[in-house]
Amino acid sequence: MAPLLTMHGIDKRFAGIPALRGAELLVERGEVHALIGQNGAGKSSMIKILTGYHRKDAGEILFDGDAVEFSSPQEAQRAGISTIYQEINLVPYRSVTENICLGREKRRFGLLDWSAMHAEARALLARFNIDVDVHRSLMVYPTAVQQMVAIARAIGFEAKLVVMDEPTSSLDEREVEVLFDVIRQLKASGVSVIFVSHKLDELYAVCDRVTVMRDGRTVQVAPMDQLSRLDLVTSMLGRELTQVLQEPRDAPLSEGDGCKPVLKVQNLAVGRKVRDVSFEVHSGEIVGLAGLLGAGRTESALAVYGAERPDSGTITFAGRENAIAAPSDAIRAGIGFCSEDRKLEGIIPDMSVRENLTLALMPQLARRGIVDEVRSREIVDRFIKRLGIRCSGPEQRIRELSGGNQQKVLLARWLCMNPKLLILDEPTRGIDVGAKAEILSLIRELAGQGLGVLMISSELEEVVEAASRIFVLRDGHTVAELTGDAVTEQTVMDAMAHGHDSAREAAHV
Amino acid sequence: MDTISLKLFQGIGRYGVLLALLALILFGWLRYDNFLGAFNVLSVLRYNSMFALVALGMCFVIITGGIDLSVGSTAALSSVAAALLSPYGVLPGLLGGLAAGLAVGACNALIITRLNILPFITTLATMLAASGCALLLAENQSVSVSYESGFTELGQGDFLGFPIPAWIALAAYLLGSLVLNLTSFGRTVLAIGGNEDAARLMGLPANKVKALVYLASGGLSGLAGVILAAQFGAGQPIEGVGWELFAIAAVVVGGTLLTGGVGSVGSTLAGVLLLGLIFNILNFENGLGWISLSAYWQSVIRGAFLLLVVAIQARLSMRTEEAA
Amino acid sequence: MSETATTLSTEHRASRVDTRILLTRHGAWIALVLLILVNLAITPNFATWQTLNVNLTQVCTIVIVGVGMTLVIATGGIDLSVGALMAIAGALAPLIFLGKLFPLPHPAIGIALAFVIPVLATGALGWFNGWLVTHLRIQPIISTLVLFIAGRGIAQVFTNGNLQVFNLPSFQFIGLGRVFGIPFQAILMITIVGIAAWMLRRTVFGRQILAIGGNERAARLAGVPVASVKQRVYLISGLLSGVAGLIVIARNSAADANLVGLGMELDAIAAVAVGGTLLTGGRATVVGTLVGALIIQLVRYTLLANGVPDAAALVAKAAIIVLAVWLQRQSHR
């Protein structure tokens, strides 16, 4: 039988810059097909062309035997292609039912039949084992549930092909398992799935074949089980992977050597998510904050940074207690903060690399409110070189850079201030493997020079590798402090999910 | 977000304006003799039906996250068109005015969806253009309507003892409410306002729905223009100044979020009546003779009222945010 | 347009000669030059001081208000109250120098106060707008709608809606005076534009304005004092509206609270849009606003001078606005 989808010789340019050059993608009926590649390799462009969000410049697309060129996601959906996007694309104010049924409403006598739609929404969500009141606004539910709703919506269209662009980025392990069950059900019923993910484990768990993209081209297509992890990574990067992924860990800082912590947080409580959190960071060490989604990691960090107001507890930074009430105080005291959401809370897309890099430093770069352009240029040039930021120059707009390079600019935004403490919230999210390794080794180097680093990451492997000490949060409480040899994926995981408590928490989500 | 405060917030957004309206009516009824007399009630309804129509269109536009600044001058243009056609009968006058409104609405729809220009700027431009066209058509003066053809009935006549313009507005609001709540078009309007990109990626015909919403707003403004001409016996090329902002104020007072995604047709009507009654009560107050406030106070009070409502809304939404 | 656009996104691409990009980025300047050339060709007596002065004085108040509007829009906001604030300043000043508000010890003091108090008053109201936006977190369009509706009413209540006529050359210098044959108001306008353009490019405040418009959350987390910057921007818009209000009444030798600044918010926004400032914030050009206002004025002048009725000029103005914003979008793709 002919394949369900053939994309052949796809070309696409954005503002003259090629994003796809003769890319290929072939998906059989009833298979789960992995699409992988570094950021900027062209996966997203490929998917957006398939789903009619962008127009291709050249090439052909055969879907279910017909040559197609969708001009809108709506057309693609009608033809049987449902898509789940990386960022949850739903309407927060509207009810769960509406979010699932919008676009294929049930009608009676020409008017909407609400009870039938509620019933359908409930039936679809039942497959995911989650308990949701379909009448309520979507925004009252946590991100993971919203992601499930997005998936339920896509499946509800009875598509022939379901495209999932990093669907697991906001799901915990149990939820990922549920999703995989659903994918297997889909497959069993003859539906094909295109699965995009940066997480190799997931690909091996659920995918049949893989297409690897690099620089806008398709570089490899193979059955999943015939490629080793190293093969995959090598073909994504296009070069031999050295031991970047496995550097020896720094020796843990010796305890009780009299050095005072630069940051000490005691019994912190913030809103509902943070109840009783304590941790500390010394100069020159990388401290990890581990925990499941919703454990209160980001909120604790924001409180340290003055972006959230603590209800109780003490935050001592550089010897001063509770002296930080706003981000500007934190910055003046010597704290830098890289948010987990680069696009929303990090970059200023229309500004240049230079302006983004010097944003926090600017008041110091100025005399009587006037920016010293010469010094600003010097500093920017130095950091572009030092961090290896790939851009056409300091005046290039930051939105044109890849995710990894944007992240480096944001790191530089803080490094140029000579901070005492750097808080990194998911510093490698959405960044390709190569840039990831670079950023991690940079962080390690900085800590070696005496910077205190507080790192939040959902990728256990990464925290365990980088941090010399890990505080584990669960349900807004600090439940464990692990140092030295006690820092292993196993111990962290054990602490994160402790017996009955974890079962309760999982059920709660 | 906390459900209770969210519900409270939505509840106050939805019913707060109704409560305020009832309170105002109660106040007027207790204080003034003829406040709820047939004459006063009917004339308030007759006069405000124009604003009600304009505000209904604005309500839909704002729910999609847009804005329509052209409604006032569209109404002016339509009043001129209707007045010019009124000698040929009721229907030509009505249809002429409506067509002029739809034409402006179509321009808005095309520019916003095809050229992808912000609604604020688009409708600012069409506002100027419609106003220019109205002046050109009317040759810079008011155009009297024909009193022989019965056209003026549309503004001045009654049907079953109820002003015809109020019937028209009532019908429009019933239809609007039905469309918003019980058709997929209405739900798409709400979805677009909640998150336009998402709506697009969900495969909803965002452009088509947006275009129709601006078209409807133009049509409703056209209808308001017809009533304007019929009620005052003349097509008025320079009327309608500030209508758009009055309509926005009414929609906002009615609890519709200006960011889009949330809104209600019924509360918009309540918002219109509320702002209209302020003027009415001011007149009564002057009539009592205790104090004498010039008509200029009307706008000051309206502004203060808008401030009060949005300040309360802001407080409530901050509460809900903090609770989240 | 990019010459004055302050986010400097073009330099690295400047090497690529592309007529379309040239057209879209510098469209406002090209349009202005073309308009001048067309007028030189067809409009009689165009190349005279008289014409220049007429056109400059026509755009003066629009540009002065437009500078404030540019800054507000650069933060991602909007200020609909400018026209109403002009009316308030215009109503207050005669009340002061005519001694109706309080007795004057000396006429000169009256004139000085007639400059200072109205501008401070509108500044305070601008500050109030900013307070609504930053502290109550009400959207700018609604926050400023309050004073749009109430402000003119306040001015009318002050004067009871009456026209205030006066003849006071020392006060009216701001609207009628000339320095070396150039209208003083034009000099004032150029000065304000110059200072604002420099501020936007070179000062921390200017950068912070653009950063807030570009991504408010990111700016906040990078330590930009968002509330205080916004507050100041609305304050500036209020102050400049006050100045513009004084110019209008000085020019007319009369203050009519019903008419001063009527529709100014739309004229100013139109000038900002045509000039190439991004209406969603984050990219702004003050000089562009001047150019935008000149284009709109010149088109109107061209049409009027060649016998087209004023109403038709309105339609032309609408077309220019749409065209300008459309071109801007093309360059931004």
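Should a chain be cited, it is by its letter among A, B and C, assigned in written order, with residues numbered from 1 in that chain.
By definition in this document, a residue touches a chain if its C-beta (ideal position, glycine included) is under 8 Å from a C-beta of that chain, and two chains touch if they have at least 3 such contacts.
If you're wondering where the values come from, they're calculated on a predicted model, not measured in any experiment.
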item: Two chains sharing the most C-beta contacts; value: B-C
item: Chain whose average C-alpha position is farthest from subunit C's own; value: A
item: Mean-CA-position distance for subunit C and subunit B (Å); value: 29
item: Chain centre separation (subunit A, subunit B; CA means) in Å; value: 44
item: Touching two or more other chains - residues of subunit C; value: none
item: Touch list for subunit A against partner subunit B, complex; value: 53, 72-74, 76-78, 83, 85, 88-94, 98, 102-103, 105, 107, 110-112, 136-137, 139-140, 153
item: Subunit C contact footprint on subunit A (complex, rising order); value: 15, 305, 307, 327-328, 330-332, 337, 339, 344-352, 355, 359-360, 362-363, 366, 369-371, 373, 392-393, 395-397, 413
item: Contact footprint of subunit A on subunit B as seen in their complex; value: 1, 3, 6, 178, 181-184, 187-188, 190-191, 194-195, 197-205, 261-262
item: Subunit C - residues contacting subunit A, complex; value: 7-9, 11-12, 202-205, 207-208, 210-211, 214-215, 217-225, 278, 282-283, 333
item: Sites on subunit B touched by subunit C in the complex; value: 67, 69, 111, 115-118, 120-122, 124-129, 131-136, 140, 241, 245-246, 248-249, 252, 258-259, 294, 296-300, 302-304, 306-307, 310-311, 313-315, 317-318
